[in-house]
Amino acid sequence: MRELMNTVGEALYLLVSFDPALWEIIGVSFRVSLTAIFAALPPSLLIALLLARVAFPGRWFAISLVNTFMAVPTVVVGLVLFMLLSRSGPLGEWQLLFTQRAMIMGQFLLAMPVLIAMLHSTLQSIDQRAWETARQLGAGWWSSLWLLIREARFGVIAAVLAAFGRIIAEVGSAVMIGGNIEHFTRTITTAIALETLKGKFAQGLALGLVLLLLALVLNVLLGVMRGRGHQTVSA
Amino acid sequence: MLQRRFPLLAALALTFLLASGAQAADIVRLATTTSTYNSGLLDYLLPKFEQDHPYQVQVIPVGTGKALRLGRDGDVDVVLTHAPGAEKAFVDAGYGVEPHGVMYNDFVIVGPADDPAGIEGGDDATRAFATLADEGATFISRGDDSGTEKKENHLWQDAGTTPDFEGYRSAGQGMGAVLNMASELQGYTLTDRGTWLAMKDKLDLEIMVEGDKALFNPYQVILVNPERHEGLNTQGARALAEWLISDEGQDLIDAFRLNDKVLFHASAGEKVDPSAAVQEND
Amino acid sequence: MLEVSQLAHGFDREPALWEISHLQWQGRSLVHLRGDNGSGKTTLLRLLAGLEVPRQGTIRWTLGNAAPLSPPCPGRVLYLHQQPYLFDTSVAGNLRYVARWHGWRREEARHRVAAMLEHCGLAAHAEQRARSLSGGERMRLALARAWLLSPRVLLLDEPTASLDRQAIADVCTLISSLHEAGCAIVLSAHQPSVLTERCDEYWCLEQRCLQVSAFKQGVAV
């Protein structure tokens, strides 16, 4: 018990004393995940708009496919990317394996299905009149699309928060294609998963607290956004 | 309905009783390094031990640092590790008792076939490490506080350099993952011969340096101090340790082959010469 | 001028709601489109605005000196939903959207938006959230937003259906002044009101046909 209390104390000290090694790991995590989410947002928005607004044959199959991808374990994404990026794989020449870019690619792939699924449902709930009104008032095609996204902004933010929560907390693909290399690809989750093996319990706990705090903030924001999103839809 | 289900429930309950009963008495928890586990040595040895003894051994393959930590916390009954310095501290601090040398193997330095740092063929590990640092070569370190990393750190120290050169990467992972990474990144790394032999067919790497006495790698078995923790299976642990250093255990270790190569040399109670290991394989 | 010929439309595979063999409208009057619920008033207005593609027949708008056009004619022939859609922003923001889409310069936009809000009696609500407005105010905002573009024709779907007496009077005044400013208007309403009394032409959807009759002011229906 005393051992545990000591570890907790040490973890808190690492956090508040801005231990450089700890905050470097946190920095890598945020850099990778934020880049991935912002890279994934535009294509996800387009696909979601397509699924929500355009009736084309096979649409329901496409939606089921997105939902299926959402359930793919992160290690499977990691495995597939590893095979693609490996020296013996088809994309081996890019020499991306064990770099932050490779991790961003992995998280990009993990974020897309979550983003598309959530954006799809939020864009679907937008009133048909919004599009018609914009077009009647002389808005161009892209302006009207942008208007739809603005009208759904709380839903969009909620989707971004949810996807961000998923990718920053995932460990499977981060270990496999990032490699947990110190100063380069060591993220919060890979550090917890692998550094704890070294007996660095305090650091693991401190990083765990960061994730916990992040989850709390994300969920509170998500709650607020969902609330406002509902208001918007019902108004 | 309930009556119909009763035999099933009873059977289930009985199964649990038997299973838990078996667990409490007979399980020996062994924390050991990834090198002994990955090479297949334990899979080869332990069934033979379990045949003649009323114990079942659960292996927890981790780095030496974590293995010793598990021992210190009383989470395992016995450790089998290869980091003489850390093991000495472990015993001196009273966390472990009855240390016995069991066997040794050796480390090798591996790297890409085109050898950009030009260390291939040497037999001086220290000089090879100094060259790697000077050249800023890509080097993947275990970085997981394992016996292998401790050995690596000694070599950096002996080479009079610190591992902060441009190509140095600390992976914080097991030997297999690090070898894969070295192969993918075409870098150098230090590996135990067992894992190397087990994996080399899948790797795009070659042996660069071997046979140096500095690459000697002795294994010790140490019981977790029963006075520090309750509920340890010290009896079983001792049976395992004594069996490992018995004639039977030692003969089996010597007879173990991986890809037809000798990996481990039984060395209970003797001083050993690591260069012998290499010569036998060549 | 509007020219319609051989127009028919219905939903999916159901029989056509109505058929209009020929309709010519100069596009200056204030028209009351009458008809029972379900007679297809909304459908006709949406077709004229180009929000639906007719099953058969043609619709041609001739606006000014330009060549005849098929709808939609964005910004010039405008349809307003029965419950107008207000963008989820402030009252002024709704107008600023229009300014942005038409590339007005910032100064000009600010000036025209402010003038329009003033004109429609919404200046006091400029920075209020559009969706917090009352029913009558919402309709006035939708009219103001449309007016900003000085459209040639407005197609209003039941503009007074769910409003109270005072709101109807306000909306009615605004529609009259829009008409006086040179915007032709077709409005549907299934019940007579102060607004329909001001109309100077009646279109009636009855027995799956459109009857057109011109009335002078003050003639009872």
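Per-chain numbering from 1; labels A, B and C assigned in written order.
Here, contacts are C-beta pairs under 8 Å (C-beta built on N, C-alpha and C of every residue); 3 or more make two chains touch, one makes a residue touch a chain.
Predicted model, so just to flag it, every value in this text is computed and none were measured.
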Longest centre-to-centre distance from chain C, chain (CA-based): B
Identifier of the chain whose CA centre is least distant from the whole-structure CA centre: A
Approximate Å spacing (C-alpha centroids) for the pair chain A, chain B: 37
Chain centre separation in whole Å, for chain C relative to chain A (CA means): 45
Length of the line joining the C-alpha centres of chain B and chain C, rounded to whole Å: 82
Residue ranges of chain C in contact with chain A within the complex: 49, 51, 72, 74-75, 78-79, 81, 83-85, 87-88, 97-98, 100-102, 131, 145-146, 149
Touching residues (chain side chain A, partner chain B) in the complex: 3, 86-88, 97-98, 175, 179-184, 186, 190-191, 194-195, 197-199
Chain A residues touching chain C - in the complex, by the definition given at the top: 127, 129-130, 132-140, 143, 147, 150-151, 232, 235
Contact set on chain B toward chain A in their complex: 62-63, 65-66, 69, 73, 143-145, 169-173, 177, 181, 183-186, 204
